[in-house]
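Structures incoming, each one as structure tokens.
Both of the next two complexes hold subunit A, though its partner changes from subunit B to subunit C.
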Partner chain A sequence: MIDFSSPRHRAKFGYLLLAPAVLMMALIIIYPILLSVDISLQDVRIARVGGDREPWTLENYDWLVRSGEFWNAVWVTAKMVLTVGGISLAIGLATALLVNQKFRGRALARLFVALPWAVPEVVATVIWAWMLDSSFGVVNWALLKVGLIGAPIQFASNATAAFFAVCFVMIWKGYPLVSIMLLAGLQSIPEEQYQAARVDGANVWQRFLFITLPSLAPVIGVTAVMTTLWVFRDFAIIYVLTQGGPIGSTTTLSILTFEQSFSFFRMGQGAAVGVVTLVICAFISRALVGRFANSVH
Partner chain B sequence: MATIDFDNVQKSYGEVHAIRDFTLHVEDGDFCVFVGPSGCGKSTALKMLAGLEATSAGSISIGGRDVTELGPGKRDIAMVFQNYALYPHMSVRSNIGFGLKMRGQDKADINRRVEAAAETLELTSYLDRRPRALSGGQRQRVALGRAIVREPSAFLMDEPLSNLDAKLRVQTRSEIVNLQKRLGVTTIYVTHDQVEALTMASKIVVMRGGVIQQIGSPDTLFAEPANIFVAGFIGSPGMNFFRGPVEIENGRAQTRFGEQVVPLSVSPDRLPRGEAIFGIRPEHLKIGGETGGTPVSLGLVESLGTEKILHFPTPEGQAIHSLQKVIGSDDAARDSTTMLARVIDDRRYSDGEHVRVALPEGKVHVFDPETQKALS
Partner chain C sequence: MQKRSPLGTFGIYATVIFTCAALLFPIYWMILTALSPRTRLREYPPRFWPDDPQWGVFADLLATQPFALWMWNTILVAVATMILSLTVGVLAAYALSRHRLRGGQGLGLFILTSKMLPATLLVIPLFAIFKSLGLVGSLWSVVIAQATLIVPFATWMLKGYFDTIPPELEHAALVDGCSPLGALVRVVLPVAAPGLAATALYAFVISWSDFLYARTFLTTSESKWTLNVGIATLKGEFVTDWNTIMAASLMAAVPIIGVYLFLERYLVGGLSSGSDK
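And now, the complex of A and B:
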């Protein structure tokens, strides 16, 4: 009989306890990934698990590198990641700095900053789709009233407008999480650091630059990764708002994956896009997490 | 180099009066220690001097210049914090040089001065490390380095030794004193530890509840405490107190301690009628005489080798039960019915032993039972 409480055998007991969880993870994470890799290597239109297998081929990847659609989706995704990531970080940091100050009604302000995060994605998008509507939308109405524009912006048919509308809703939905995480980061900076810097003669801007930013760097890194992956992954906002159009201007890699698989029923090609997206995401997270984690420690 | 003046400074946080009527003059080059129990407002006073907290009223001057309205960066002071407050993402070199960099000094000059400061504090081989990679004592020295490199007109230190272990604390204590002597920079040092205060200071400010109790040199505070609080706070262990009658015999005042008649050096007309509070330091008690004094039975005997702390009950009816509140509960070993004697000899004492305790003439302090002030 093995005594699992002895220091010698404690690790074994740990593995034993972990085993079911690891198996579950393997089933629900690893299996689908392997499945998509498998499908991406077959020339299939509608894949059926357990059906007849096609022979393995690189045809789908060949299509990928040659097709304009794939490179367009890469380009759209990159633009969107940079726009949404950059602006969310900026707004998130600004709001976090704001609600980290002591002032009356701070609790309320914090609630407001966090609010968009609590609204379900589809609900938020539907509300925005309605507000951005070119004939009935409140946004166009307001812009017209103020006189900033002469004619309603066609969010559905103007490629640039559609892209920025999607970005806008993503930022609106995404910055609260950034803000909450950065606020937690800000609160972990000891007050004495700022006092020391003030005695050392640092002004507000220098304290931000030399104390706040370096201390926040790891949190910023993690947040940037999360936002990036979120934009890569997001489907609901784009699909509800624009369905990837007009003329592919908001077709990101995940929209393309969906389109190929379920609109055009070319599951092999869809899976290939999905696999490539996965690889890109893995590299980005590795690079960002590694860099920011190293910059402090 | 500068004098420091607090002129009737007040500080309140809403309802809480953290500092009241704080008036103090510190000479150029003084090592001034603020000491008092936790929460008495030492840090608050120091932060107001640093410019990190606003005063509610009154004014503060450094080197004759009124700095009440200036920010911390413009007061030409350097501060050492309790937790050192080193910048974790900067090397030791950048930590020390940060203040100079913020003042726009050129790189070569900063480097030269940082290296000189590092030399003084024996930090040269650690200059390129991050603070995390240093021991507590080394971090403490980096914090000191950050202060001395700027050559400010005053050093402010808030309990800089409290995170060090006992041995390192004693060692660093003398290093700081030597450094201060050598540089001659006016220093304000905050601590709750009266031993630190006595050993380091040229001037001690004893505080309690936001009010200054007494200002003086270590010797003055020890020999002539201004009130019961200071008498009980200063010294290790602090002064013993007992209640006794005031009697006049042949024009001289005297009191009684158990069986012993104790002559007082205070003139009779300054003493209250009836009763007074008397104090005697543990090291002044005479133990083990054949005659004289009063017999007591020893309680606890704490032995530190040749030095011993003897506990014995206060004579019947002479304990002061309201005293706990006055001296505070800092000293856990002390309660109002026990007195302590500190002896250094080769005799062995055992629990329950009967010995005679005598109060030598001229060593007894007298306090007014109403105001608790010393009478002399």
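And now, the complex of A and C:
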């Protein structure tokens, strides 16, 4: 019996505690990732573990580069990242600034402003699907009433409208996280900085531009990366709302991966799209991880 | 701090109320639609006030859809995921927080990057593995798949909490003859209880919201559907019964909203723990 409380064996105890997690990660993350690379290099329709295997080939990656579907998905993902990221950041910053003001009932306002965070994605999507319904939806009713449109927008069948419908849901689900994180950032700015600026005669706008924004910049950067990765990864919102349609206008890389694998049962091709997505995400998250490493050391 | 003028105060409240109303309108609309009589849903103009609430819709939902079963499956998955990731996470987080381990930094980075894995990629090999293990169609498949996201997350969040507890606490216990594991269980965990609760609830929320894994592994066995799979299917099948769909959505959202109201003050630490710590 090893006495773990003696200094000699303290490290062993540490590794022992770590073992279940490491083992588990190896089994359910690392092995599957290697397996998915393996699958992407085989011409398989439904992937299996063990048994006969196909020879390695670059066929799937060849398909990927040549097919319009992949490049369309890259384009859709990029557009979605910019739209959702930009608007979520704007709403998140605005709401964070608002509930950072001093007023009675502020705690309650903070609770409400980020409430959509607590609505499960599928539920949020279903609510918006109903609000954007082309015949009886409240959004079309309001737009018609105000006179902005002459005829109801067909959010389900119009490619551009469907894209923005997906963006609405994503922004609604995405801004609360931004708001919560930026509020934390705002709270860590020392009040003295504002007081000093006020003494120097800086107005509200100048204080925002020269104190708030620079202090928030690191948090904004991290939040932007997190939102970007979330749009890359998201499946539920797009799948439930449009299934990637119409005519691929909402098919992101994530949806294309799933569609190839589980709708068309071309898991080789699906895995190839997924592996490329993983590489792209890894490059994007380097920004985040780099920041993390800097703040640790 | 200078005093705000009455006009400024009014401006603040007006802005706050208007902003909240605009941002939370979809939630209100869900509740309103759930309580509307079915025939009213196709009326123009829509009504913005529930003048004739139909509470029977919930009984209806339980009678016509296997809603209780979906709820039960979702709870089973969420609780199992919570227990699994908390057990593994507590041990790993404690080790990372207290011991200077070789490779500890690397593991930290690994945990962080696991947040960035595209889930739709991971679902392909997991499907192949579960197929060969005969786990497709079992709730365990979803529990294991969700652990890929939640275990790293819980570990990182818990490490943050353990870091705030002074090591002298356990040292005292060790001197008094407590075993290292005993010190963790009897001394550190009680002190870390709020952090444990927050992490557990957070795991619960992530698990409850999963759609991809449940959709992929459970679709073919209807008795194993979770709430999200059920609701998504309702939307596809009964496009006109929006009041039923909204009632189901409302019941699926209420537990998470409840958790959120309790969790909010821990949320900032938890959400940002994976990013800048």
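To be clear about the criterion, the second predicted complex is superposed on the first by the 272 of 297 C-alpha atoms of A that agree within 3 Å, B and C clash if a C-alpha of one lies under 4 Å from a C-alpha of the other, contacts with A are read in each partner's own complex, and residues count from 1 in each chain.
One rule holds in what follows: contacts are C-beta pairs under 8 Å (C-beta built on N, C-alpha and C of every residue); 3 or more make two chains touch, one makes a residue touch a chain.
What you see is a predicted model, and the numbers here were worked out from it, not measured in a lab.
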| query | Between subunit B and subunit C, positioned on subunit A by superposition, is the outcome a clash or a fit? | reply | fit
| query | A:11 contacts which: subunit B (first), subunit C (second), both, neither? | reply | second
| Once the shared chain is lined up, is A:128 touching subunit B (first), subunit C (second), both, or neither of them? | second
| query | Quick one: subunit B or subunit C, who's touching more of subunit A? | reply | C
| field | Partner chain(s) touched by A:279 [first = subunit B, second = subunit C, both, neither] | value | neither
| query | If you stack the two complexes on chain A, which partner ends up touching A:117: first (subunit B), second (subunit C), both, or neither? | reply | second
| Just subunit B (first), just subunit C (second), both, or neither: which does A:58 touch? | neither
| task | Give one of first, second, both or neither to describe whether A:202 is in contact with subunit B, with subunit C, with both, or with none. | result | first
| request: Using the superposition on chain A described above, determine whether A:235 touches subunit B (first), subunit C (second), both, or neither. | output: second
| query | Roughly what angle, nearest 10 degrees, sits at the C-alpha centre of subunit A between those of subunit B and subunit C? | reply | 80
| subunit C versus subunit B - closest C-alpha approach in the superposed model, Å | 5
| message | Need the overlap of the two footprints on subunit A, from subunit B and from subunit C, as residue ranges. | response | 295-296
| field | Residue ranges of subunit C touching subunit A (in the complex, touch as defined) | value | 1, 9, 12-13, 15-16, 19-20, 23-24, 26-27, 29-30, 33, 41-42, 44-46, 87-89, 91-92, 94-96, 98-101, 105, 107-110, 112-129, 131-132, 144-145, 147-148, 151-152, 155, 174, 179-181, 205, 208-209, 211-212, 215-216, 227-228, 231-232, 235, 242, 245-246, 249, 252-253, 256-257, 259-261, 264, 267-268, 271-272, 275-277
| query | Once bound in the complex, which stretches of subunit A touch subunit C? | reply | 4-5, 10-11, 13-15, 17-18, 20-22, 24-25, 28-29, 31-33, 35-36, 39, 47-50, 91, 94-95, 98-99, 101-103, 105, 109-124, 126-131, 133, 135-136, 138, 141, 145, 172, 175, 177, 180-181, 183-184, 218-219, 222-223, 226, 229, 232-233, 235-236, 239-240, 253-255, 257-258, 261-262, 267, 270-271, 274-275, 277-278, 281-282, 284-285, 288-289, 291-293, 295-296
| Contact set on subunit B toward subunit A in their complex | 47, 50-52, 71-74, 77-79, 81-83, 85-90, 98-99, 102-103, 132, 146, 150
| remark: As the complex stands, subunit A meets subunit B at residues 190, 192-193, 195-203, 206, 210-211, 214-215, 217, 295-297
